[in-house]
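To keep things simple, chains are lettered A, B and C as they appear, and every chain counts its residues starting from 1.
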Amino acid sequence: MDDIQKKLALPSKASREDIIGRIVSYSCIAAIIILVISILYFITSRGLATFLTDHVNLWQFLTGKDWNPGSLNAQGKPQVGALPMIVTSFSVTILSALVATPFAIAVALFMTDIAPKSGTKFLQPVIELLVGIPSVVYGFIGLTVVVPVIRNLFGGTGAGILAGTIVLFVMVLPTITSLAVDALRAVPAYFRSASLALGATRFQTIYKVLLRAAMPRLLTAVIFGMARAFGEALAVQMVIGNAVLMPHNLITPTSTLTSQLTTNIGNTIMGTLPNNALWSLALILLLMSLVFNLLVRYIGKRGEIKS
Amino acid sequence: MQVYDLNKNHIVTPPGEIALSTNQLQVNYGNSKQASMVDASLSFPRFQITALIGASGSGKSTYLRSLNRMNDRIATVHGEIMYHNTNINSPKVNVYEVRKHIGMVFQKPNPFAKSITENITFALKAAGITNRQELRQRVETSLKEAALWDEVKDDLNKSALALSGGQQQRLCIARSIAMKPDILLLDEPASALDPISTAKLEVTLKELAKNYTIIIVTHNMQQASRVSSYTAFFHLGHVIEYDQTETIFQTPNIQATHDYVTGNFG
Amino acid sequence: MTPNQTDRLATRFIQFLVLIVVLILLFLLGDIIISGLPHISWHFLTSPASSFSAGGGIRDQLFNSLYLLVLTLIISFPLALGSAIYLSEYAGDNWFTSLIRTAIEVLSSLPSVVVGLFGYLLFVIEFHLGFSILSGAIALTFFNLPLLIRSIEGSLHAVPNSQREAGIALGLSNWRTIRGILLPMALPGILTGIILSAGRIFGEAAALIYTAGQSAPILDYTNWNPTASSSFLNPMRPAETLAVHIWKVNTEGVTPDAVSISAGSSAVLIIIILLFNFGARAIGNRMYKKMTGGK
């Protein structure tokens, strides 16, 4: 056996290095998996306690309109109707996405098709700055600017779905915009040139070709925006009014899932029904974020541009 | 495209010492059932240049990359690669040692984003050579062998990315031979270079063949005929003919080879 | 209307919407800076907060934010780096990898309040860490990990494959190739990613309210013993950050000058985050130039 033959058969420093590398990176990834599983497990088990330990009826929880977990209702059952918060959460989410989407697509189109060079150079930092502003600052401005304006215009306290929507609109705008830019940039250039070469105007090209080709990814962008809006806690909590009442219009104080959680989880005692009921709200938030995630995947799979 | 009988072949075994040989090598990329390379059995003579020629997609690069296990992550390779009485295609073999002894230079020059010196010393240090004197010696020798020394000896600390394409490629050769390999695999090393750099590279290769066994994949038939002593012709994943370069280019035994070297192909 | 007229009208409409977005940003920044700057003074930055009387500062909150940021990065960067290396260099194209990617996506889409509550449940209560900087840093790590992993993986991915091949063809181990060749090349991108995530950490509040807590005990900046309860370095003490402070003074409504304190704090927060953003860009560009030899 010659020297080289021996070397080929035996492990060397490099083989040992690679084992170390594998151990290091595999353990990091294992930590992440354990983390995600334990988040899912802990929130779920806490959130289910309301139904399993306290025997609250799931249907009543989801459709009941009275939220006062500390006290019992006429039938001697705890008042844990989460419907007002669910309705409010969905309202602010959908409304803010509806308002933000046209703006987001306009900004994205401006950056990709109307003024690609100067538009990108100028608007990219605008979007990054909007992302960078912390949510408490949005909340603070909502509280000091938006709420008083609404109060002066419509009366009442000013807090409510409208204020929440306005604040969330600005917060989800950059999320939707930057994803919409990616969506439009992913449309191959020859889609544009083919349409323009047929004599279509730029608007016709945008409307009939671009937006259609990019539709699945634009939808994904909007869903990401909605996910952010749905999960946002503090900014909304600061302007929504935090009264657990069924919203009758856009300007009465009400409460979202997140705002109820942040306001009260510190005021309840672990293991009691009021506390468990709040964890059930957290579970709804968790499940909704999984739903948004699945939606994005589903649309993404169906809508890949085949080219 | 004319259809040739792919199973008709003419393969010789060179006389003298054999540095590396393959036995029925078959390569499948990813999970593909379709083999990109079948049944390649070739022997490479020591201290000679062997050229692998053939059209794009003929499997010559795939074959070359299998020789030092560069395809490990992307393909499954069946068959034997014999080197020093060891089948280096076995998973038990220390693949890092294989690559130390069988170096490789790629199509596009790929120097590290480091200085010229560091490009060469990085792998040496990793291999445990720490003596400064020896490191400096190896840098100088390998750069001289790669015919780059005179051009860069005054700015060895300059970024390798500031060199010209031809210089970068010769640096990559120097980087490989600084590891003192036995065999040097070159995957179309001149395809990204201008004619002058190519000519320089060919001279360098001929010089290197005194101390190294060289296997070179090339698109350029003139290049194959200029530098190599043996040539293998690949077609659609099969080795069609392997013989002395002169025979391949002047009196090939197989029709497909004849058509390819005379340019009557496809 | 002719198509050309429609075209012109549509373009005008898009420009109008863009203009509104830009005005919103200008209004936001202007409002924060204009209403905030007058309240920023040396006194504001260097005196402790007071809950029930006017004139409190933000010294401890500011320090807590920075300390928490550093601790979070110390915990999350190695984890994110290891995971990103796994995903970019070791992961095969199989169900396991896509499971991991899904897990990371789920983590990134979780609302930060849920992440915070998980931290509260597990670390504050189960592990008895209490409201502490450490609990906060761990919660922020969860919240920060997916983003950091994605940006590091992206930077590694951007390194040309030919560099990997160059490394392993020399007989280097994958690990050595990653450490010695790929990471240095990916460094500008990684740094930019870290700084941008620092901005996010700095402004995050929801994940902290129930982990790092909402109280800022008086700190002793001369006590360098991290185990002493009054020491500013003690990671086991509760720590209200700047962002949490803004939230708290506004929702509790017991501080008489809540609005001016929030305005000043918001301005400080925004200025620091702006610095992070510009810093990220500048460092990224500079290192990129240096690496490519000025070409």
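Heads up, the rule we're going with is that contacts are C-beta pairs under 8 Å (C-beta built on N, C-alpha and C of every residue); 3 or more make two chains touch, one makes a residue touch a chain.
Since the structure is predicted, the reported quantities are computational estimates derived from the model, not experimental observations.
If every chain is a node and every touching pair an edge, decide which shape results: line, ring, star, complete or other.
Looks like everything touches everything, fully connected.
Among the chains, which is located farthest from chain C on the basis of C-alpha centroids?
Measuring from the centre of chain C, the most distant chain centre belongs to B.
Distance-wise, how many Å sit between the C-alpha centres of chain A and chain C, to the nearest whole number?
Here chain A and chain C have centroids separated by 17 Å.
Per the centroid of Cα atoms for each chain, what is the distance between chain B and chain C, given in Å?
Taking the mean C-alpha position of each chain, the two centres sit 48 Å apart.
Using mean C-alpha positions as chain centres, tell me how far chain A is from chain B in Å, no decimals.
53
Among the residues of chain B, pick out those that touch two or more other chains and give their numbers.
96-98, 126-127
Give me the residue numbers in chain A that touch at least two other chains, ranges are fine.
In chain A, residues 13-15, 18 touch at least two other chains, as defined above.
Got the chain C residues that touch at least 2 other chains?
171-173, 176
Can you list the chain A residues touching chain B in their complex?
1-2, 4-5, 7-15, 18
How about chain C: which of its residues touch chain A in the complex?
3-4, 6-7, 10-11, 13-15, 17-18, 20-22, 24-25, 28-29, 31-32, 35, 78-83, 85-87, 89-90, 100, 102-107, 109-115, 117-118, 120-122, 125, 142, 145, 149, 171-176, 178, 199-200, 202-206, 209-210, 243-244, 246-247, 250-251, 259, 262-263, 266, 269-270, 273-274, 276-277
What does chain B use to touch chain C in their complex?
68, 70, 96-100, 103-104, 106, 108, 110-114, 122-123, 126-127, 158-159, 161-162, 172, 175-176, 179
Inside the complex, what are the residues of chain B that reach chain A?
Result: residues 83-86, 88, 92-94, 96-98, 101, 126-128, 182 of chain B touch chain A.
Once bound in the complex, which stretches of chain C touch chain B?
160, 162-163, 165-173, 176, 180-181, 184-185, 291-293, 295
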